[in-house]
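The following block contains the structure, expressed as structure tokens.
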């Protein structure tokens, strides 16, 4: 299991692995939105939590189709399926690797980009916390979506269409936590619900994803 | 570990392509599968490896004793030869030394730090086959193992298989090339081809094509 | 006769072929009655004026948009658990109907919202939920048509439908939480309470709902029969190729 | 025709859109159903034509 995690991380950091891609996209969103909306810091401060959450969501969407499609193409998915690892574990590890290179990285750079967007000072810890709690759900849900489109040649666009509606609850609660944090409101309820979605997805979706992989291998 | 296969039927694309397949593979023996292209050698091997469900029949060996090597080598182009192999060694829990020993056996030690992307087709194939050595599993299922190997490499690989058999392992090989294995018997799959291709029971094909005439 | 008789495509074709004209007649009858009554013979509402006439298409379409998804969930579960092929095809057949109803609910909602709330689009929880439902339908239909192997397509869309249902319910509550909304609560089940839906609207509305149900049944039957024929065609061609 | 007052546009547009969408769904379904029926009938005929001579030889 650890070997698989290390391999996926190594591959992500090697050339063409897509590690920088998500971060660069995230940065672009944070730079382009003020250019589009206008430089008024009051408006930016209000929309900052939402923009950062949507940016994080799209950045993590960007690299989803690599999770399984590459392994399917070069045959390692077959070999992994016959290896002494449960497929559910393979899915969980791959989602974890995806989270480490996208979700975690995005969480860590989010405060820097929040400066660009004039996020009120009170919002920083909550923005970080909401991303840290919510992005694992984005990776697991995305990994599930990726297993549905493994066998398709141009599955990228379809994958986005399948995954986006599944992302809605995570986005709503995650952005709500960040927004309420920035406005200094009570946020225990959305935070608890966000954590519940993450925990539930982590616990159940690997099984659905493993079933989908088995269907695709046959 | 004895691999016994009895009355096995396998399907591809919703059609039964082989049925009544039966053989026993004893430790120390090899069985070469022969048959024209498209007869279902790959399908049979994948079914035995547990990657796809059998239509019916028994396979005695648990998937835990089988090591499957497909057409594709499952190599990561961005990793070195050694890193590729060490990964599989740790997945199969055979330890750090297994990868080095396997590289040596397949005469890849000199290339171990090269990225897999920079290996030639034959070298990649050898690296893919070296993976079998690090699985530590007794029954090898090999799908066209000699593709893109030159004569010397074929002989090298035949030696590796022979050593595996001598150590009490066994191998089921789909190939057109004579590996020169004295321990090998041959099984012609042509005999198991159904006289008329029929859809799998319970599949979409059978449900909609029972050949009893038009739908009402 | 057990309901599983339908699981055999041949039985399904025979029985559905016999039932189809009756359902079609019922659909025409109830739809015509409900809609004509609703459009021509109902009074204007004292608050909403003539726009209340949109009720007779908006409410049934919205109900059927959700019911179609529920039917897809049930048939997908039947496929995943009991592996009856007709069930998988019925799930596929229901999707375009569900998508159409969702679109109708959205369009009529927007047209109704404009005079009432003074805006074409409001990020109201119900409207937003329907927009998300629309995305679910699109993804489901796209996945069906993208996968060639029929068995794999049925399995993967089944898994998507089951997982998607859970997330659809979650989205519903998430969106409710996110914005309490302008939308009035559903009043149809509150007859007899304080501000009930007037009986003058109630009867034609129920008839029109029944009409939408029959319309849905007719569409699903027609499409399932079409998909069964398409499957048999694929099976025959496969047989022809291999000789 | 009932008097729709100020809301004529909203009501007529909503009803029109509904009828168009439902009509489109019905028409699409009927066309697809007809096409499937036709294509299948052709294939059945072709197969029947191929099977019958064989059966005659056998007898």
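Details
Note that the chains are named A, B, C and D in the order they appear, and that numbering of residues resets to 1 at the start of each chain.
Convention: contacts are C-beta pairs under 8 Å (C-beta built on N, C-alpha and C of every residue); 3 or more make two chains touch, one makes a residue touch a chain.
No experiment lies behind these values; they were computed from the predicted model shown.
Shared contact partners of chain B and chain D, listed by label, are C. This structure's chain pair with the greatest number of C-beta contacts is C-D.
With centres taken as mean C-alpha coordinates, the chain found closest to the middle of all protein C-alpha atoms is A. Here the spacing of chain A and chain D, counted between their Cα centres, is 42 Å. Our note on geometry: chain A versus chain B, Cα centroid distance of 37 Å, whole angstroms.
Between chain B and chain C the centroid-to-centroid distance comes to 48 Å (mean Cα coordinates, whole Å).
Separation between the centroids of chain C and chain D, computed from CA atoms only, is 18 Å. Shared interface positions of chain B, defined as residues touching 2 or more other chains, are 215. Shown for chain D are the residues in touch with two or more other chains, namely 40, 44. The set of chain C residues that touch two or more partner chains comprises 229, 232, 236, 239.
Looking at the complex, you find that chain C touches chain D at residues 39-40, 44, 49-51, 53-54, 57-58, 61, 96-97, 100, 103-104, 107-108, 111-112, 114-115, 215, 219, 222-223, 225-227, 229-230, 232-233, 236-237, 239-240. Of all the residues in chain D, the ones that touch chain C in their complex are 1-8, 10-11, 13-15, 17-18, 21-22, 24-26, 28-30, 32-33, 36-37, 39-40, 43-44, 46-47.
Of all residues in chain B, those touching chain A in their complex are 46, 49-53, 63-64, 66-68, 70-79, 83, 86-88, 90-93, 131.
For chain C in complex with chain A, the touching residues are 132, 135-136, 138-139, 142-143, 146-147, 152, 155-156, 159-160, 162-164, 167-168, 170-171, 173-175, 177-178. Residues 2-4, 7, 10-11, 14-17, 74-76, 78-85, 217-218 of chain A are the ones that touch chain B when the two sit in their complex.
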